[in-house]
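Each chain carries a letter (A, B and C) given by its place in the written order, and its residues are counted from 1.
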């Protein structure tokens, strides 16, 4: 016994050996690094774009994951298919996207468990199936919670699909938890380059209810081309999904067709040309 | 090893691995900024037996328009997801995600109030509760300017305005958001009749200022329209659509009118 | 003092494999006044008999609307029901907040079932002394669930719990086939008749002692009490089916 009450009852080094503090934080003599949160994205995906049409939604994103300016991974699928009613398009940090994907998978399992469907057909036609709006609300809460914890998921999401009443649904959520919806949506560079093109075709909700599936798909493909022309962090291979009452049609190996770089040599104002 | 007992003076004593708890580590550096400004403007005016709240429907990020229709006006209380039968309206402008979180919190509180007490909450009580909710996040605030409107227990139009950390006040009128500095002086002049004098009285020193009177509903609606059409001309973050909610003893009437989309 | 040695707590089985505390809790349900629930293809209805503990007191609350799409009827300890209904209200609001959808009735029922079960398996806890009927309409249509203190829950077409509820169940069993295609009004009448059957001879259904909860597809759950139900009481017991004693009823007495 000594005169240091804080030492009473503590293990003595001569009996138990020195305590191994390596797991403790540095402030307590350990080598543990402080908990770190994402302060900036590392491997990133670029824009996601989507248009609502009469009976459904088209959504697209290219297959590139960049490491800064390096085109690091060229076969990354950024459209995540949730159930037969919804697809989530993810831009921003790819590891956070993979985390979200795991979250979606476990949510899907939970859903199919709680709704008590026993067969594949049963769960396909489940009237209580989550609509894209339900999924969007859930994801936006996840995003807002994480930003409020100062530990954001560094993504911009588009949730596309059909709502509970099988009406087309399209909305976004980002790393701050901000949400909005509209007949056309685009994240990242797409907000600057694709959104004006899409808004020309679909200026408002009424116009999207007139738009046919083929026109919507064509508009999205055109926008992907413009994005590839102008966005340096993009690639010509992309994924495109159409969600309507028939379900999800997801293609992950589309390639831009009829590229024309004729416009390129007419660009003046920067670069090496002198005239 | 940061041990409390140094070997020098404690040679005859056994040593211990545990130190006294030392001070905390240095504050962590964050480069993540958890807020953004989604632009837009709101305004509220209360009348004799009604209150009007209005807001544009544009949502912006910098120079981008996120969407042309993102309401800033929310019904609070009532039944179910559509707030059927509600008589309180909350408007929020600033950071839209915080605005949404705030609205959902207040709505839940008001619905629980009805469930627990079997009657609707009064606007006064709701207003104070909103202040407490805002202050409860005093050190990580909801980055919004809120205005709450309803009908008070005497049947008069009630309007409460807030700062982001919950300081609040009942007022006749208030403009908030991006174009508040454009709209508020207009309201001061037209609703509270500031700098207006009785023309029939002698002018000059001590001239008679006009006394503000409660305004009629059509008059207030036209003031709201004028305020917003003018704000749209001068502020890039305001536009697309004008949503109005008029609260009377019979409930809430909602209107929408297009504004310039440029 | 004790009926036997194995009823001190709810964690000990009797040699016969019974848990007496749970069974006693089930008895508490039978002390409560009767409540009845029925579903059709389009509607779910709850009917309850309210008791007043004494002449001077008000009538108890037997039907509690929880969310816009459903409500509960209780038999047994009202305070236990309040704890459960608060929990259900919270769960319902949180489903609306996190997923923007009304909670499934099967879901909320199994959640309170799980809660009740934990009370039967830990020392020092007491089972809920209340039975509930959970009725309403969700994404999968109209439903009626029964909840018991043991944590047992089951989906029902029609159900009655509480004092003398056997008479109500007999009525329900006899008319089982007609429920599915019943209209809203027919269903309400069935519920009231079932309720009436479980009353003792000297008692009648009045606007004061009867509660009705009605919900349907595109019709939010609503509680009807007092004068709102007088016309239902009148029409239901005016043309009573044959085979029942036919003394005309003074409804508004």
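By definition in this document, a residue touches a chain if its C-beta (ideal position, glycine included) is under 8 Å from a C-beta of that chain, and two chains touch if they have at least 3 such contacts.
Predicted model, so just to flag it, every value in this text is computed and none were measured.
Path length between chain A and chain B in the touching-chain graph (shortest route): 1.
Across the two candidate interfaces, A-C and B-C, the one carrying more C-beta contacts is A-C. Averaging Cα atoms per chain gives one point for each, and the point farthest from that of chain A is the centre of C.
Centre-to-centre spacing of chain A and chain B amounts to 31 Å, using the average Cα coordinate of each chain.
Each chain gets one centre point, the mean of its Cα atoms, and the points for chain B and chain C are 43 Å apart.
The residues of chain C that reach two or more other chains are 97, 100, listed in rising order. Across the complex, chain B meets chain C through its residues 79-81, 104, 108, 111-112, 115.
Considering their complex, residues 97-101, 104, 106-107, 138-141 of chain C touch chain A. Note for the complex: chain A touches chain C at residues 114-116, 127-128, 130-131, 133-134, 137-138, 141, 164. Within the complex formed with chain B, the chain C residues making contact are 67-68, 89, 93, 96-97, 100, 220. Considering their complex, residues 2, 4, 6-7, 10-15, 18-19, 21, 25-29, 34, 37-40, 144, 147-148, 150, 152, 172, 176-182, 185, 191-192, 195, 204-205 of chain A touch chain B.
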